[in-house]
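Two complexes, one shared chain (chain A), two partners (chain B, chain C).
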Partner chain A sequence: MKAALVGFGAVGQGFAEAISEDPPVDVSLVLAADSGTAAVDAEGLDPVQLLETKEKTGDVGGREWTPDILDEVEYDVLVEASPTTLDDAEPAFTHFTKAFDSGAHVVTCNKGPVSMRYGEVMELAREAGVKVRVEGAVGGAMPVVNTVEESLAGDTVHGARGILNGTCNFILTRMLEEGLTYEHVLKEAQDMGIAESDPTFDVEGIDTALKCVILSNVLFDGDRTLDDVDVEGITELTPDALRLARDSGHVVKLVGEVSEDELTVAPRLVPEGEALDVGGTLNVVSFDCELAGEVTVVGRGAGSLETASALVSDVAAIARESGGR
Partner chain B sequence: MIVTMTLELSDEPGQLLDALQPVADNGGNIVSITHQRGKETPRGTLPVEIAFEILEERLDDVLEGLQEKGIRVAQFGEEKFHESVTVVLVGHIVEGDVTDTIQRVEEEGVKIVDFSMAMPDEKEDTSSARLTVNATCQDKIDAAMTSLDGICEKKDLVKVEPIGV
Partner chain C sequence: MKAALVGFGAVGQGFAEAISEDPPVDVSLVLAADSGTAAVDAEGLDPVQLLETKEKTGDVGGREWTPDILDEVEYDVLVEASPTTLDDAEPAFTHFTKAFDSGAHVVTCNKGPVSMRYGEVMELAREAGVKVRVEGAVGGAMPVVNTVEESLAGDTVHGARGILNGTCNFILTRMLEEGLTYEHVLKEAQDMGIAESDPTFDVEGIDTALKCVILSNVLFDGDRTLDDVDVEGITELTPDALRLARDSGHVVKLVGEVSEDELTVAPRLVPEGEALDVGGTLNVVSFDCELAGEVTVVGRGAGSLETASALVSDVAAIARESGGR
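Up next is the complex of A and B:
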């Protein structure tokens, strides 16, 4: 399986590391690109060497990166791991289209193209006769998308609800346990590297909303975008509110709810001991299925290695489907 | 709404079925039936307690139906709260006239049975509250929640409601 890897940040590097060890499928990396540079070798690059070069020089390759390099090499699958951008989801959307033009499948952890332009992406992929797999974009290593598309393929999934942002869940868990204010716990989370220095994306519920959009598009084959989500974050919550909720047997969680006619992200009261009552940085998704009833998946939703593992799984799935090329 | 009543039936076959007919005819849903054997009335009838769910406006028809059949209603229970929801509010709850908030929610025909508040240390910080709303049916709960949404928007309060509502 020949792969082109675009995006060589934490997740991209995690992918390189994973395929250099004992991958479930033979991956030959013919292209690796970060935001400024690229390395190309039709015979296959050495992932270990790429990681060393990146660490030493800050660049993955010696060439200046432009998306046109994707037209130069032959590959079976594009692994898109560049940072998520909203609105037109560029430049990732261009990377996608270039892959489709050369008849390559796409595996991605980039939430942009599949939350802002899902309909377009899927239409182009259909025309090109290739697959797009997005497991890495929702809940890291947790099998969310593939649970729907494969394990529950014979069932009707009416909807899903879940906690899809580890940063928010960590903050709410700490606020409740220690009675600390939101501001205090946010700072703590930033010191621990759990929250970004600009936490807006997480705490305002946008990250959760994007994942809900993707989940909705996968579940209902739709074309929803971020604009279709009612989003409320956790910034207004107080330790008192969490305590009052607990006194009535509830925990407050930032919950995303996905159904055919609803798409919301808001702090919610979850009965203690319910499937969604998971603490710390854990993520959880619960599917409401016609035959199977409630099916719940819990796991670490973020982290570069976790997300990289989802990318490798998706590449392996494509290799399997296309007869192990 | 849920209604409980004690009927006095004669101890003959088919009596109970006959007594339940008006409930069924009016779209009622029987929740429980308790035969109070051994508690025969001086008149020799047998008290049977039934509880059923029914639309408020159909209740009179049920009573009428029972009367037509000559069935005596010995006791007529008050409606029981059947539905309940708990929500948490965050914001300037007191400054936003908490009495007005409670009144306006209760105007939807529900009862606020619990209201707990926590005041902030600093006056300018937000306060938090938990309220439990009881009602005789889900429609009233829904109406109360819609009303509360409007109040929260106007008074700039955050409302945290249970999942799946």
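Up next is the complex of A and C:
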């Protein structure tokens, strides 16, 4: 498989690292781009050298990056790992369309195009006869999309509930365990690199909502966007509220709920010991299945190597489906 | 897909039920066999009628069953759901070889051939250019094999630990919660249909061991058998031992451990709140992954419809890989 990698931040670098040594799928990187520069080689770039160049110079390549470079090179799959943007999901949406125009598949961890413009994306992919795989965009290394689309392909999944943001889960876990205020634990999480300096995206529930939108679009082949989600974050929660919940045998979690009718993100009481009662930065999703009953997946929802592993798995799946292993 | 269904007990009937109404994959049943009889129709049998016939007469069809019937009909996939046998894994192994001779894939929940003769099975399948899918043989509806082979295809899985027998988990959960003896809870489980009248297979750890062997063979492409597993069951455990464990913050579970070097099944102390701390009849497996860290799957490890769902998912995967969806 020839791959074009757009986005060379933490996850893009994780992808380069993951394929640098004995990768489980034969991938040759013909393009690597960060926000400003690009490296191109039809014969295949050396991932290790790309990582060194990036570390030394801050740039991945010697050419100025413009999406038009995607028209120059031949590749089988676009690995889109640029930062998530909302609204028109640009420039990722343009990268997607250029891949489709070249007859290339897309593998992505970018939540923008598949949460804001899913219907358009899938329509264009269908017309081009290519696949779009989004495991990396929902819950990092935790297999969510593939569990629905492959492992549970013989079943009907009616809905899903889950904890899809490790930052919120960390904050709520610490607040409960130590009796600390939201502000105190947020500061701690920022110091540890678990929360961003502007934590809005996580703590207001937007990140969770985007993942719910993607999961809903995959589950019900829909075209929902962020506007279709009722969202409430965790910023108003107090240690007292968490303690009260515990006294009645519950923990408070930021839970995303996906059904055919409704998408909600809000703090919920979860009975202690239930499937969704996972602590720290862990993520979890429980699927409500017609035949299999409740199936739950737990894993690390973020992290560069973890998310890169989802990208590599998706590239491997495309290789498998377009020619057997 | 034309399917031949061999085995019409609880799971076989579950499979017929699962494909009877709006199945997620287009399956036509050309053969259905129980231990004594068979129904054959190259144009496709009606699953609902098969279920009615079986209920009314005790037989699935009007012909005497012999494996040679598999040579008569044309089918794309053998769904092998006959009871697990050990040692030479017959007659299931013969059913497998007949499928391979016809160029048909195999989907199975039968632990025999893939735990006792995995190397032979895979060699014959390779020669025939067909696939063998075994999701239903490990943990019922809980996606274990597919999680390894597909969702985590981009990662390296170093090993797995899990609770793979719902009967043992039920017994240990009840012993701890109610302070009851092993014998008392076993009787209760037998009355509820959770344990067999001869519970040896479950409580001595053999069922768990077989699942570990299959998982090991899939993970490491090996050829291990039951003889390679150190097995200890739960029959010697006392309520006192469980209580002592709890006093130190642990639960006792029958845990199967799979690594490249070793296969063990034994009662283990699991810290409360850890991934493997799931109660009742639930099953759980945690994978130790190079990139993704720990990924855990929880679900119902048994049940006829649950296991049937795994069989249908595997048939769907074969349909997908041999022609796209």
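For the reader, a short list of remarks on this structure follows.
Operating definition for what follows: the second predicted complex is superposed on the first by the 323 of 325 C-alpha atoms of A that agree within 3 Å, B and C clash if a C-alpha of one lies under 4 Å from a C-alpha of the other, contacts with A are read in each partner's own complex, and residues count from 1 in each chain.
Quick note on the criterion: a contact is a pair of C-beta atoms (placed from the backbone, for glycine too) under 8 Å apart; a residue touches a chain by one contact, two chains touch by 3 or more.
Every value quoted in this text rests on a predicted model; they were computed, and no experiment measured them.
For chain A, the partner touching the most residues, choosing from chain B and chain C, is C. By the touch criterion stated above, A:217 is placed in contact with neither chain B nor chain C.
In the superposition on chain A, A:82 makes contact with neither chain B nor chain C. Looking at the shared chain after the overlay, A:24 reaches chain C, while chain B stays out of its contact range.
In the superposition on chain A, A:232 makes contact with chain B only, while chain C stays out of contact range.
Contacts of A:243 after superposition on the shared chain: chain B is touched, whereas chain C is not. When the shared chain is aligned, no partner comes close enough to touch A:115: not chain B, not chain C.
With the contact threshold set out at the top, not one residue of chain A is in contact with chain B in one structure and with chain C in the other. Chain A meets chain B in the complex at residues 161, 232, 236-238, 240-241, 243-245, 247-248, 250, 252, 255, 257, 266-271, 274, 276. Interface of chain C with chain A (complex): residues 14, 18, 23-25, 135, 140-143, 146-147, 150-156, 273, 275, 279, 289-300, 303, 305-306, 308-317, 320-321, 324. Interface of chain B with chain A (complex): residues 86-91, 114, 116, 118, 120, 125-130, 132, 158, 160-164.
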